[in-house]
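Following this line, the structures themselves.
Shared chain: chain A. Partners: chain B in the first complex, chain C in the second.
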Partner chain A sequence: MIRNSCLKCGRCMEVCPALVHDPGFNGPRALAVDRSRRPWGSELDTWSCTSCGACVEACPVCQPLTDAMRLMRQDLQDTGHLRMLSNLEAHGRSVSRGQWSMVNMEGTHLYFPGCMVAERMPETIGGLVTLTSGFGGLRVPDGWVCCGSPPHRIGKVDVADELAQTNRALLQGTVYTSCPGCAERLGEDGVDTRHVLELIYDHIDELDIQDTSIRVALHHPCHMMRGMGREVLDKAYAIINAVPGTEVVHMRDRDRCCGGGGGVMSARPEVALRMARERVDQAVAAGAELLLAPCPFCVMNLRRADRLPTMGLLEWLTSIIA
Partner chain B sequence: MSRTEVLIIGGGVTGLGTARDLAMRGVNVILMTASDVCSGASGRNHGMLHSGARYAVRDPEAAIECVSESKVLKSIANFCVEDTGGLFVHLPQDDPGFPGMFRRACASCGVGIEQLSTREALDMESALAPWFDEVLAVPDAVIDPMSLGLANAYMADRCGADIRTHHQVEDIDLMNGIVRYRDLTNGEVGELRPEVTVNAAGAWTAEVAGMADLHLNVTTSRGTLVVFEGRLVDRLVNRMRMPGDGDIFVPGVGTTVLGTTSSPASSGNDDLPTGAEVSALVEEARAMMPGVVAHRPIRAFTGVRALTPGGLGRDASRNFTIVDHGADMSMAMLSVVGGKLTTYRLMAERISDRIASILGNGSSCRTHLELLNDDDGDEIPEAHRARFCWQYGPMASEVWSSCQDRGAEEICSCQGVLRGEVEHFVGLGAGGMGEIARRTRAGMGYCQGTGCLLRLSSIIGPGAMEAISRERERGLLPVTMGVQMRQSAMRDCLMRVYGVRP
Partner chain C sequence: MSDIDVLVVGHGLAGSLSACLLSRTMCVAMTTGGTTATALSTGCLASGPETCDIAWIEHHLLPLLGYGGIGYVSGDHHGITEAGSVHRSQMAPRFVDVPHDASVSVLDTGTGIWDAKGAARGIAARGIAVDVIPSPIDRSPTWSMLTRQAEKMTDDIRGAMAEASGDVILVPPLFGLSDPERYMRSLEGCGRLVREAVVPLGLPGMRLQEALLRAASSRCTVLEGMRALVIRREGDSISAAVLQDGRRQRTITFSSLVLATGGLVGGGLEPKGMDLRESLGLFEVDGTGLQVQEGHPVFRDGAVCQNAVVAGALLPGMEYGDGGGLIDVANSVRRCLEALS
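After this line comes the complex of A and B, so read on.
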């Protein structure tokens, strides 16, 4: 399936979160390399892979394990994903329609909300409009559809391509988004995509932020650090550090996946929940009073653990702006 | 000393097939082989089940035998045959007269061929060079030599044959009818007085004949093959020309074998593959598959074939000869020279017919009528059944019964081999890594024994480890480049960490 240069070092298996939390999951090398080269055996169960990319990052020979996982999924179908696919078919969003209606946004910066933010966390957009009003404000393109990341990760590449087609014409120049999943996918499609926190980082001095005395931990979204680049993460830390009175604590595993990606929340919700609990427990153990994540999927899944107040980074910033 | 009707020397497919045939006829037979079963040419070949096409032009007699025997094996040994079909592709730089000759020869030998367009062939095999100008499809297939050999041994044993591995014949006294042998496991020597001795020692046939002071004019030729990672082709792909180096690709399980070189061998033991042979093969094969250079060679191996008197290498007939020696001695002796894996059953039948007439046994051959596999593996869970049936044939359920509980642990992740499989054969007396690998395929995958070596050592003892990793290096050294170089470095590191190597 992939040009196999695996050395059997076992690094990918060691770092894979799904392997820990789903006893039925075989792990990246076993699925993407070993089992796929055998003509026999049972159907491959790939649905607990969050596409976090930890395995690829750890692999000394850079085996494209996540790409292979996606290729394997191409011919499979999990019932958990049917709803997502029918939502996309019906209204171009990966989730069902929420309450969001286009707020009047006449700003200069092109903003791509993404399904999760638009339909599940519309308050985020209102907050971002306020945050950015001093330096241009945001503008949402009319007629945007899902970035294609959710179908792409479950192997429905044709669906993703069709969505990308629609978006391409609307997304010219630099596009800001608050979802690293969208950013990565749009980036792969050739759109110059940035996280809104990068825009805010550039203007952080212009914001009047209240003093808070709180210990926060920052979760590193996989698609941000591995998809967009670690420098974006550095900017997230810089923003937190600009908030007076805040203390940052670090979790034991710096880069552990929260379980929210790769369609696992819909296909294997119990696995996603176990991963979220592990992550949140780490934040609690580190002494955090608040867990922040600059990604709507991470926020969504981490909240399911229900153990620690969890917020989007920018939502938090909005809430403490004077 | 108990009465032995027949002693077979050599545990390759020829000897094992003969043991099965004779045992099925009710003949009392002992087979002795110097090391493991199928450790000679029978475990070191491409595993082509020849349709006859490859021999049609040069050796029509052999081709005709292949036509019928490949059909027989597709039915009696279908558990270890993958009926992939084969292609012959003609390249512009090769003899333009050959395709015509080839088509006529196939027609006269009864090899079914079908003309394909270049487009059709490329759709089937996208890795091929697009510039060939003629393609023919033939009914070639792939057979697993180890599964075939083991099934023959198992069925022979079930019919009462006594198969003794690690028994080396050292002297044959035709005059007095005595054969002396050594049990290599403990060094003890013994004697047998068989009525008939069969010399089926493959590349060592002349040597064994020499023990009886007989001279056999046998030449030996070595052939090196390279195993690549990945199934680069889905059918056997042959170059349509007079057989030469680097002109066959044979698809396997997650691998592809590229064959073969052909050069004089100094003896049956002349089986160390060299880097020069690997380079020569790959260089030649580029004409058919330019991308082959970018693929990962897993290992190389060399087999030594015995050829019937005459020319050397590919010009010699691959057809077999049965030589009758001791007509007026107190013990009859037959030597069998040449042949192919594909025709092993026919050879066994001919030898057994001769023996039956010597012994006055009136029963006739049934090996082409009875399946080599009577186990459909019903008890084996679906996830494992296909592999167990393919590898173990008639033994599949027996092996599976060792794979419960702790035995279900995966011990070799390249090949998906379970702990129980290894324990099963260790329980039956399989000793070193070679014997375990030949049966279970553990350690035969792309990493060539990295983590699995450590897991195996918990079964066969840590003492075997160094020998194992040295054994691996034989086949690895000639391909230690690119990825396999990194792999070797990785393994070396691991061995040091675990104190196997200083």
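After this line comes the complex of A and C, so read on.
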């Protein structure tokens, strides 16, 4: 289907954020052209695709290019992903065990922490519990496992389906999460998912927010704006604008991917790092003193650039709300 | 009570101009999902500024439309073609998977551009001029016309390949073929590696699109990254549209609608097999395209939709000569807005 209806316009190549950082990457258009035309020398390299969806958004004929890229990966294996798959098999998380421990959470709103937040940024969860206590608080279901987004994006659909089956029984009704990747995957599995920012947005007037004096830039996570919807991003901006003394500056390429998704951090860490540096450089050029991202994968990767203080948006909020 | 006065679906030349003009007196929102055919255009505006800047849109194009006419704007040597702006003379070596030590022949409509670009990359390429730009085809192309045109183009390429030498032959991009694999295999029958060149976007088109979007953004609400999925009908009118926002859907109500989703290439009329299908599934389509009466689209049951108008390439009979797309589309916008008022 993609091969027959591709216009060959090259728009996907123009917007692909990975193409400029990985000379070996064939780019999304290769799915329509090169793959079936006996590529010179080697198989198509698909591992630098962050599944950001910029190509899908730009395509004049709405080709599902990221889905096609995932299908291409189904029969391939990258050594960088083996650790993630073995983590999933061992303890149901896409990352190794970190600092997660069940804090006392007996609130009314169902909360899905996601692997990265639970194991690498547990302090965010503690802060969220306090922050949301005035409007119901959060509770985490016992026995949750990875949402399945990381294995799904590298083509291991059977692994993702198995994880989804475990979670499905636990996640009934509206589920809040702090990871857009989790939100998108769980949404695809039929779970009514919201970003926890949306809960905060609904109660922003009830919060006692400290005055700050700082210029911030907000990174737009791909799976938030293209997966969850730009409505959520609008709410993120509304929350930041409600913080007294905060000035928002905008980066040149507003919707550029940071390189943190699609398994690129595992398979092509050097490509992910180059993409993160580009993004952070743009934030610095815009005059930002702090870079915020409402996605734990983006935060992890942007921090690797090590050129500008970078925080999760929720982490920042919990630090300035009394 | 509607959310807005007018919803403009499509943000190319027709959509953006409609949004700009309507915003003078009404509350307007415009969807901006996907890449427009305007952005794909390689046409150059001989009588406009080279950079298609916002000032030109504001002070030249819009006033002319408002006064009922627009000056002649001619193209350079490409323009928006019936085949959807896919025939370009400049191919982009950067995106072509060719080893540096290979000898390359390029079937190119340009005059030595490839030779310079190839040399810059250290590729020993030889450009061969060949006339593969198809002659003008009928108004309102259908999918089958595009396919026939592409098949003829492939025959031209096969003929030109006789004089090409080297390990690799680059051919222009092929669009509209019903079975591209079969054609590529037939081209590869020469025993050498055949590659389709990847084309860069037309900078003039992108500049024009950017300026149009900025002009529209300063006047109306831009529903960024959204595509209209469904339009809701009430009697002989329409009242609401369901828009896709990521994985969520948003419903917006309006008093009037401007349908400017483009033609076959822009996604306004989608190919379904060898037939055409109107993407919102509400209006009548036949072999020549969307059915329209005095600017208003016709429902499938024959009723005329009174509060919707059609602009741009979605209109049947819209003719794009080389570089003539802009003036035609702009005038269609003027007619469409008269119909709406």
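Keep this in mind: the second predicted complex is superposed on the first by the 308 of 322 C-alpha atoms of A that agree within 3 Å, B and C clash if a C-alpha of one lies under 4 Å from a C-alpha of the other, contacts with A are read in each partner's own complex, and residues count from 1 in each chain.
Quick note on the criterion: a residue touches a chain if its C-beta (ideal position, glycine included) is under 8 Å from a C-beta of that chain, and two chains touch if they have at least 3 such contacts.
This is a predicted model, so every value here is computed, not measured.
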item: Contacts of A:Ala242 with chain B and chain C, given as first, second, both or neither; value: neither
item: Superposition-derived comparison: chain B or chain C, residues of chain A touched; value: C
item: First, second, both or neither for A:Ile320, with chain B first and chain C second; value: neither
item: Partner chain(s) touched by A:Val157 [first = chain B, second = chain C, both, neither]; value: neither
item: Partner chain in contact with A:Leu290 - chain B first, chain C second, else both or neither; value: neither
item: Contacts of A:Leu308 with chain B and chain C, given as first, second, both or neither; value: neither
item: Partner chain(s) touched by A:Glu57 [first = chain B, second = chain C, both, neither]; value: second
item: Contacts of A:Ile209 with chain B and chain C, given as first, second, both or neither; value: neither
item: Residues of chain A contacting chain B in one complex and chain C in the other; value: 3-10, 29-30, 34, 37-41, 60-61
item: Interface residues, chain B side, partner chain A - complex; value: 229-231, 253-254, 294-296, 382-387, 390, 413-416, 445-447, 450-451, 483, 486-487, 490
item: Chain C residues touching chain A - in the complex, by the definition given at the top; value: 33-37, 39-40, 84-86, 92, 95, 97-99, 173-175, 177-181, 184, 193-196, 198-201, 224-227, 245-248, 250, 265-267, 271
item: Footprint of chain B on chain A - complex, ascending; value: 3-10, 29-30, 34-35, 37-42, 60-61
item: Chain C-facing residues of chain A, complex; value: 3-11, 13-14, 26-27, 29-30, 33-34, 36-41, 57-62, 184, 187-188, 224-232
